[in-house]
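Submitted below is the structure of interest, expressed as structure tokens.
We call the chains A, B and C, going by the order they appear; numbering starts again at 1 in every chain.
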Amino acid sequence: MPLVRIDLLEGKSEQYRAQVGDILYQTLVDVLNVPEHDRFQVITEHTKASLPFDREYLGVHRSDDCIFFQITLNSGRSTELKQRFYKALADHLHEGVKIRTEDVFISFVEVSKENWSFGNGEAQYVTPPK
Amino acid sequence: MPLVRIDLLEGKSEQYRAQVGDILYQTLVDVLNVPEHDRFQVITEHTKASLPFDREYLGVHRSDDCIFFQITLNSGRSTELKQRFYKALADHLHEGVKIRTEDVFISFVEVSKENWSFGNGEAQYVTPPK
Amino acid sequence: MPLVRIDLLEGKSEQYRAQVGDILYQTLVDVLNVPEHDRFQVITEHTKASLPFDREYLGVHRSDDCIFFQITLNSGRSTELKQRFYKALADHLHEGVKIRTEDVFISFVEVSKENWSFGNGEAQYVTPPK
């Protein structure tokens, strides 16, 4: 269910971007209890002019490696769980692709469970219509 | 009002993508009671590496023709109406552009009616400011 | 915190797009009380076929210069404040880059303050986890 938009600057290898997607997916499963195989991602590269971001907001020193993750998912996760996810994703990306944890920007958009269709014209997360 | 992001793999014709946008628009009008002419779409093609999605999640067999529809619209539609929309969109796309219904992925993001300006610096869905 | 997606037709200069981003940022700070330096934008150009929008919806006459602004930000702003923002953004873009106010399309998506991590794996807008 999470539909994830990943935006980053151009210049990284396809393998790098694939690893970023893999690590994000696995962290969603491991920490946020997202179901296995629930993976739907849009990864987009941008020129520097097309991805303007502040390099110092809140005292966090961002570099050209900064990645935006915008994750649309069902509501209901606690603040504490989200906090564990932020830390886990930053740590796992640091371990896996050497990204600095300062460069991991995350935004959640929460929706209701009836707001998804995973194909076949059905709302798989709710009971079938009468 | 719906602002729709349509993401799909590259390789289809411009005509195909236009038809997909047309069918989506018409189904929003016909089933979700969106006003006529209320059409604002962003259609983006991606390489395979840039649009990773699971081919079997929830037992739905997705192919390279899979399309993501992310639809931001006003809240207030019932679950049953959303279910009718999912079925109608999948059916209409199947009829119109031969897409398999398994390949229609839909995500709604609901917002308040004061969250839109359609131009002129006005919030057309609410009364003017004092 | 606002994560902003700016979508427009191709054909404008890089400087034009930079000015649009600058004006948006400054108006968010000045009118919506967004903190200084809180700037995270994704600016994407599209072909005409990839950005279909109605040229007359609600009697607003849109041209090829139409820009979509989708702004994800914390909830809590009043309707009146949003209305002031719509007007200010349209006016400032008109003054700064000569865009017609009819061509300024704005969509807010509101989220909770715990839904953001600005780096370091932390949720900077809430107290640290225990």
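Quick note on the criterion: a residue touches a chain if its C-beta (ideal position, glycine included) is under 8 Å from a C-beta of that chain, and two chains touch if they have at least 3 such contacts.
All figures in this text were calculated on a predicted structure; none of them were measured in a lab.
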### Task
Overlay chain A and chain C by their C-alpha atoms and let me know the rotation angle in degrees, rounded to the nearest 5.
120
### Query
Is the contact between chain B and chain C built from the same residue numbers on each copy (over half shared) or from different ones (under half shared)?
different
### Task
Would you mind pulling out the distance in Å between where the CA atoms of chain B average out and where those of chain C do?
21
## Note on the structure
Residues of chain A that touch two or more other chains sit at 44, 109
### Message
Quick check on the complex: what are the chain B residues that touch chain A?
### Response
7, 44, 46, 49-54, 56-58, 60, 62, 66, 68, 70, 79-80, 82-84, 86-91, 101-110
### Residues of chain A touching chain B in the complex
3, 14, 17-18, 21, 35, 37-45, 72, 109, 111-112, 114-124, 126, 128-130
